[in-house]
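To start, the structure itself, in structure tokens.
Order as written gives the chain letters A, B, C and D; numbering starts at 1 within each chain.
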């Protein structure tokens, strides 16, 4: 259930309602609604009768009450009609401006990271990505540089001013990763790692939540709901390809979910064409397509020497290709009324 | 095997080679290569030794000989590096200009067809689509108006000047449909109907070949090869969604195949976002995305009153929505250097 | 709508009802129901009011009338509750006895066919399969021996007494194939070739209808309905694997549909583990599993020398392996109360 | 690399080799091979030259050395050719006897658990399953009784003598769950939760590893490898359905992987037809099919009153249905030479 407060309602009024509902056993979320109002999300099995008995509707400051019938509540457009906008350093995700997150699959060395960061920044990227802890299918594959990579990311941020995005794989390393990262990325394989999602709900840092490779839209939004329900409202969704019979690309980029999901939720939606296609040649056209479909940004892999990359070389762009792609993206963004 | 003739080689030289190879049992395809050359496609198991014995390389006019290792030959970029351009009435498919094919799922009446055709033409569509024979999952569903619909299409063409595209379902009705249609559409369910593909190879009319909903890229190009091998080189490919677990759209629009397929083949590639998504709200963003990904055009369903449509109402655009979509598409086309 | 006649109702009574309904524009199917009754299937949009106005319920011989809400009518268990049993030569498909159809993917020569037929008969197979016209993904692949193969099949039948099953690819060759075959097989790629299905509805020969590799259960039963609606009630369903992301087998054998489909329809259901798995090693265990799941039989590929087969060698059993498999199948059949 | 020791080689010989290789930086696994031999698994990038330099082949007790080219090493049949047999209480998993694990989706109360355990034991089940911590798609769904449920499981084991299987969802609750459970179940959503897999590698309790709903066979075996590489060699695999377009069952039970996986690995393989099909009517036939395909057992959901179950009621068997299913399974097991 959602309680929308009148414009100009007081903090005290909100607190009164909150206290009354908490005493009755409900879980309460207080979220700004536009610039001048407050919304109170009430989670729990709310019987209409019970609400009437509690006379919430009549409490001072309450404008209206409504119910959400979708299984995800806080993530739904019904709960919050205007777009969620997330500020990370200088970048504003979910607003009019398209954001481009770029960097290597894995941080391999100070030199590789800084060189890449400077190159992508110059080309117009607004955030830097780089893996420190890498989830790998085989226990014997390169698993990332770990804390050393996080330190390199911090150095890159200091040198370039770019905010950094890196994956958090598990609850053990979450506190460490959260110390360094500006955005905490949850990989596709962890989309339904509920322990991790719940812990992320306790943080107040943006989370980039990738869609699981066999997740339905509803499951994806419910995964976001796990984080939101914990009180962390800064969730960014990211489509990165689904598993299908089609084997000419690594995964099948399900771009139709971009406009679909944006109609269902207020959260920003990004697209990762590098992992989805697995082929660097397809990254520029699918980045253009993502923007044209309405994505709030893209996250792509860039490497100084893709053929020498310790992971995902085949899907990484060179600096030159990234440059040229950025040029094209700007035109498409403008054509669809974005920046 | 492909024999590329020197610029300015004579018809006689080409005929000599053709005759020699046909006598040896090969199947020959003579296809223009750019504006000033001729390519001779030689189909059959060609042993290098045999070719050397025949001394084709030394025949007058021969510039070079090469082999194609892909299973599809005539459809491959290796066989023909420049884009195939197909002229249909005033529309040029596969060139710089984006083509928009629009119209109702099924032709329902003269009035419905003409009204729609005039509206989509005004908004900028260059071809008209309308189903006469409809492949339906159930034997008890509306199967189209048949020949009556074809006559209506002819009337629409006469009144509007738009070329018409309609589906041919089987070899029985092929001669009839071919009398009326400017482009013969093969539906997804018929992509591997080899009898139909072979018969279409005997026609000299453009064929719009939709991808089967569970077809790999290779299978799709081999289906095109069936038509090309018959001597009909005017094949237009069309991605219309694949079957996956994802059920929030009717099919999953596999947009990454657009740039991928265009790198593998010289044939034009269109996208059908109406059938792929099954939701009219997603048609405009996915049309924009298709153009941004490099498609040569789109085919979309438009109906005067979608809610009254005899089939596919949920995925049909109103005139107003189509108009607004055309406006956006023009901007995106321009942004990616198309018209 | 279905009209069940009383036991002992007369032909005249049935004809009266039939005539009345046909005059009113309905399509009528008269089908035996058990040993002593007649069922009249009425296809068309039947308004209850209309029926009442026609007073069908009060006509002599009518026991009861009911409606079928599934999209497939004649194929549904509601229409006909007891199993359809199809007699082909000595083999009874859909009864208590498990049927095993075995033979090579393609008929390659008289010797190969006869040798295989004698071997599989000796091991207990009750029908012989062999491809004459082969649907091939590439126009350049071996397409079968055609009529020559049909003549070989006729010879095999004469020599061994085994009924023969062979694929019919299209309407052009249907009359020819129907002259020779005891069961007309429709391949997965043709499951929605409506022209072919309709023509098959006019024949009075059993049709083995394979499930399309991306067909839902409903689509499969509606494809059967196309044949039944034409008046050919001898349809045998065959699960042969669906297209999924899983690539360690050629297709994914969807064995759960066997008990599911048998609860929805009265038609017999076979399983083809050879095409589904693409690996001969998996054919015996999956044949056992098919029988245990309730299939009415299996269709498998057997070849004297799989490694020399012109097609599908990797999934063909040797005589020895087939022998050993038949031994195991008999035990499993007995364990689930079959023969 | 794998070093097979001679029969009768001494502990000292094994230790010598182990020490030498560990000093060189390799990770060592010592695993019995049959009843009288020892195998030493050497993980790390082993150059043949290096091995020759170390002269391992010449060390006392070494019979032979070989390399494994599959990405999974310890899980492969090449590493260990004979079946892994896991003893849990009285039940032997992976041997000649088929094991049936039965119980409710979630432990709901002492009464419900004990009543079910007594009923399934009487019918022949050898292990009891029951969820304490439930991974749920929605944060607002019933998440299991937690520790209370674990205590109930302990009580059930005491009262019935049945060993208990329950899911461990995360590393936080792993120590607690491991105190109570005889087999630790990893759910499909956690198949690539590497933190959890690594921690499970440190335990010496059997792990039941379900296949992820979009996992390839190789990914599944590599997930097992994570556990084995930690030194926990008691891994039981469980197929529970994959995500495909087919929507007439909850998932698609991929039964062909049973014989396939058993040829690739020495680990036991179970099948879960309850979650795969989502329909209790399909559980008995698919259980029979699983056994016929070569599974080492099944895990099924049984509930005293499925319609009142707090989760998964539609796929739970009543006691009566379970009884009848057990009867059929026994016949099939016997037919395929199992008990």
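The rule is simple: contacts are C-beta pairs under 8 Å (C-beta built on N, C-alpha and C of every residue); 3 or more make two chains touch, one makes a residue touch a chain.
On a predicted model such as this, the values are computed, not experimentally measured, just so you know.
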item	value
Topological distance between chain A and chain D, in contact steps	1
Chain whose Cα centroid lies at the greatest distance from that of chain A	C
Whole-Å gap between the CA centroids of chain B and chain C	35
Geometric centre distance via CA averages, chain D-chain B, whole Å	51
Distance from chain D to chain C - Cα centre to Cα centre, in angstrom	38
Touching two or more other chains - residue numbers and ranges from chain A	214, 218, 243-245, 247
Chain B to chain C touching residues, read off their complex	43, 71-73, 135-140, 169-172, 189-190, 192-195, 212-214, 218-219, 222, 225-226, 229, 243
Residues of chain A defined as touching chain C within the complex	243-245, 247
Residue ranges of chain B in contact with chain A within the complex	214, 216-218, 242-249, 252-260, 263, 273, 276-277, 279, 281-282, 285-286, 288-294, 328, 331-332, 334-336
